[in-house]
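In the two complexes that follow, subunit A is the common piece, with subunit B as its partner first and subunit C second.
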Partner chain A sequence: MKVIEYLSQLDRRIVYLVLAFAVMLPLIIPSVQRVRVMTPVAKLFNAVDAIPDDRILMIDFDYDPQTLPEMEPMGIALLRHAFQKRIRVAALSLYVQPLGLAKRALDQVTEEFNQRATSYADSVIYGRDYVFLGWQPPPIVPLLGMGISITSVYTRDYYGYRTDSLPMMRRVRNFNDVGILVSLSGATAPLWWVAYSQTRFGVAVGAGITAVSASEFYQYYQTGQFSGLMIGMKGAAEYEELVETKLMLVDRRKASEALGSLTAAHLTMIAFIIIGNVGYFVRRRSRKGVVK
Partner chain B sequence: MKRRFPLLLVFIFGIMGIIPYYIPHAAYQNFDNGLRNDFLRILSAFAIILGLVSLMRVHHDKIKRKRENWQFSYVLIIGFVVSGIIGLLGGVEGELFLPTRIAGFQFDIQTLYLNIIVPLGSTMFALLAFFMASASYRAFRARSLESSLLLGAAFIIMIGVLPLADRISTHLPSFAQWVMDIPNVAAKRGITFGIALGGIATSLKIILGIERSWLGGKE
Partner chain C sequence: MNITHDPWVWISGLLTICILSFLYRDNPFYKFAEHLFVGVANGYFLTFTVHRVLIPNLFSPLFNEGRLFFILPFMVGMLYVMRFITRVSWLVRIPIAVTIGYYTGAVIPATVQADIIRQIQGTILTPSNFQAWNAGSNGILWSVILFIGVVCTLSYFYFSREHKGVLGVTSRIGIIFIMIGFGAAFGYTVMARVSLLIGRFQFILGPWLGIIE
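What follows is the complex of A and B.
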């Protein structure tokens, strides 16, 4: 009894310490965890995979440093998928803060592909295979304006080039030339693409979101307004799994490596909740005994 | 006039925001697009300047009057000025005329962002996990039927999203998915309808000038 009482009244610093070890240990020796791919991610993968040659994949990088560990693997997996299938990509952000992170993901994946490339045709070239449109405030301008003309909303790209001078953008006019738009966000940006861009111009929208915000998005996925969903670290790991198994593209899988840490953290929290509840019931029973 | 003019502007632009959804004619669509692409962007640029000036005034005032935690305002102002100078004169990646590299030490905006803002932001968010663990250990109790159901659903979701779930039972991930797909959506959709109807009613009240609290002061 004393042990249970002691465990149910642990100092919060002990809770922090145990959780810190649970999170850190699997990260010190990372190992890729295999996952079963669930329907929302499979649908998103298939939607991206089915983009025809005359259309592009548009990625809205709208995550910030706070949600980076969950969201960045999604962006990287999407870019690997697109570049491996030679799908052209237009990247953008609705806010200024994610720009640096979007650039980091684009730089990493283009470097991966260009290191393996054996010819110019094999390489991933800026302006031909992808463009980075940057940021245009306020968000409502790109959300609606790109339905009419992308190059008139983003007259210059992130690097300052005129967008209408880039070879890829000469054949891309508006949302009619976008196969699917995938919004990666720790907040509600994917809902705006549905509410404004899809409602008005019919563009297909997919979303990559944090696990904690997932419940907000399922209703739109169920109605078909989202073509697919990637949810949290597990969603990113499932997309990585598909990229590796279906496209035979073997690269570092950060989300799959982090699942060990996620598992340990979840189990630790569940254990603490159970201990807390056992202690609560023991104390309640003993209090009832005293009253009798 | 001081009150009527803003009300008139809200009415006109509020109605103009609704019309494009019902009039697909190219002439009106082009007008709407031009209004948004040019007028709104200019307004937004002024809003950014207004926001920055206001931020500086608030923190300057805080330092002057030595309000609580006034020392941190120095950090904000110094950070603002330094990053402003580096960004405006040195460019995002040091492409402009201000040198942003001394020997091996690089300090362009992208480097500062990736090495200061990213670790700080990640650290702040990571702390949340510890507070959640501590709070759920202390407060997440099966006190009633409702809280027991919540606890059960939380366990199913928390285990269901792990690779481990498949090893426990192949049905567990599917069951976790079902919880998200059906009971979660049922509740969320009800809430969404309520919020949407409330949003429409409030918007109409603002456009029609019935709700005027946004003007400030008393009517």
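What follows is the complex of A and C.
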């Protein structure tokens, strides 16, 4: 009993230390984690996979450094999927902070493909295969304006080129030319795409969100307003699994590598919750005994 | 172990340690990193806004290209500054009114359609729900649970009558659904926060210290 009482009154810093070890050890000694793909992620993958040749994938990179570990693997997996299937991509951000992170993801995946490419046709070329539209505030302007004309909202791209001069954008006018828009956000951006762009222009919307906001977004998937959904690091790992198994594209899978740590951390947390609760009841019983 | 020589990775790593040091207790290193982050983020936002928004979208068309139509948004925007002059500070109401008017018009129909009508449609039981057991959230089982959950949870928030009789039963069931919702939200929150910690450890052990690939 004394052990339980001692454990239930542990200093919070010891709890942090144990959690840190639980997270670190599986990273240093990697273990194989089986990734079971859930329906929301499979639906998103299928929706992207089914984009016809005359339409594009639009990715809204709306995550910042605070949510980077969860969101970046989603963006990278989506870009790998699109480039492998030769689906053209238009990337953008509704906020200013994600711009650098969006560029980082685009640069990384472009480099991966171009290192493997054997010809110009195989390569991933800016302006032909993808464009980075950048940022155009306030968010309501692109949300509504792109339903009429994308190049009017984004007259210049992130690098300062005129968007109507880019070969890819000559055939892309508005949301009618977008197969699906996937919003990767640590906040509420996916709901804005649904409320404004989907309601008014009917564009299909998918979402990649942080785990903390999952319970807020699930109902939009249930109603069909989201064509698919990736939730947190687990969702990213599932998409990575689909890209590897269905497209035979083997690259570094950062979210899948983290699943061992995620499991270990969850087990540690569950253990602490049980210890804390058992300790609470033991102490309450012993206090009642003293009163009697 | 292959420690990096890249100074930027070192700066990033040391700032990570500064922030994590808060877990021990509040200290000057944490405060330094926190203030640096806020300052850099604001500076980045301000610079980007001037160079990528105000200059190409307003100053350049108005002053370089002579497109006089842009004088109207320029003047309305400048009225925001009037709040610093006491005598004419009331003028700030004009741009605020324009902004609120525009957003109210844009937001209300979109919100009603996406967040109210479609969500209510999603909870209505239709004959198609009863055609299959195993159709995800559209199968019989989950559709009925969803329907009961919505009705009972709403009844819990009905405070015009005492929670007795039928209302007492439904509101108690409603509490169970609410608690399950809180539990799921808490579980997801733990997952999210742990994911962020993993991301930092991936950086510390990887690019910085070179212990993992």
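Observations, loosely collected:
The criterion applied here is as follows: the second predicted complex is superposed on the first by the 288 of 292 C-alpha atoms of A that agree within 3 Å, B and C clash if a C-alpha of one lies under 4 Å from a C-alpha of the other, contacts with A are read in each partner's own complex, and residues count from 1 in each chain.
What we mean here is this: a contact is a pair of C-beta atoms (placed from the backbone, for glycine too) under 8 Å apart; a residue touches a chain by one contact, two chains touch by 3 or more.
Worth saying up front: this structure is predicted, and the values here are computed from it rather than measured.
Applying the stated contact rule after C-alpha superposition, one finds that A:Gln33 touches subunit B and leaves subunit C untouched.
In the superposition on chain A, A:Arg104 makes contact with subunit B only, while subunit C stays out of contact range. When the shared chain is aligned, no partner comes close enough to touch A:Thr163: not subunit B, not subunit C. In the superposed pair of complexes, A:Val194 makes contact with subunit C only, with no contact to subunit B.
Of the two partner chains, subunit C is the only one that A:Ser261 touches; subunit B does not reach it. When both complexes are overlaid on chain A, the residue A:Leu10 reaches subunit B alone and has no touch with subunit C. When the two structures are aligned on the shared chain, A:Ser152 is found in touch with subunit B, with no touch to subunit C. In the overlay built on the shared chain, the residue A:Gly276 is in contact with subunit B alone; subunit C does not reach it. By the touch criterion stated above, A:Pro69 is placed in contact with subunit B and with subunit C alike. Within subunit A, the residues touching subunit B in one complex and subunit C in the other are 16, 19-20, 23, 39, 66-69, 97, 136-137, 140, 144, 199-200, 211, 214-215, 219, 222, 231-232, 234, 262, 265-266, 269.
Against subunit B, in their complex, subunit A makes its touches with residues 10, 12, 15-16, 19-20, 23, 33-36, 38-39, 64-69, 97, 100-101, 103-104, 136-138, 140-141, 144-145, 148-149, 152-153, 199-200, 211, 214-216, 218-219, 222, 231-232, 234, 237, 259, 262-263, 265-270, 272-273, 275-277, 280.
Subunit B contributes residues 20-21, 29-30, 33, 36-37, 40-41, 44-45, 48, 109-110, 113-114, 117-122, 124-125, 129-130, 132-134, 136-138, 140-142, 151, 154-155, 158-159, 161-164, 166, 173, 177, 180-181, 184-185, 188-189, 192 to its touches with subunit A in the complex. Across the complex, subunit A meets subunit C through its residues 13, 16, 19-20, 23-24, 27-28, 39, 66-70, 96-97, 99, 134-137, 140, 144, 155-156, 191, 194-196, 198-200, 210-215, 219, 222-225, 231-234, 254, 257-258, 261-262, 265-266, 269.
Residues 23-24, 41, 44-45, 48-49, 52-53, 56, 103, 106-107, 109-111, 113-115, 118-119, 121-122, 136-137, 146, 181, 184-185, 188-202, 205, 211-212 of subunit C are the ones that touch subunit A when the two sit in their complex.
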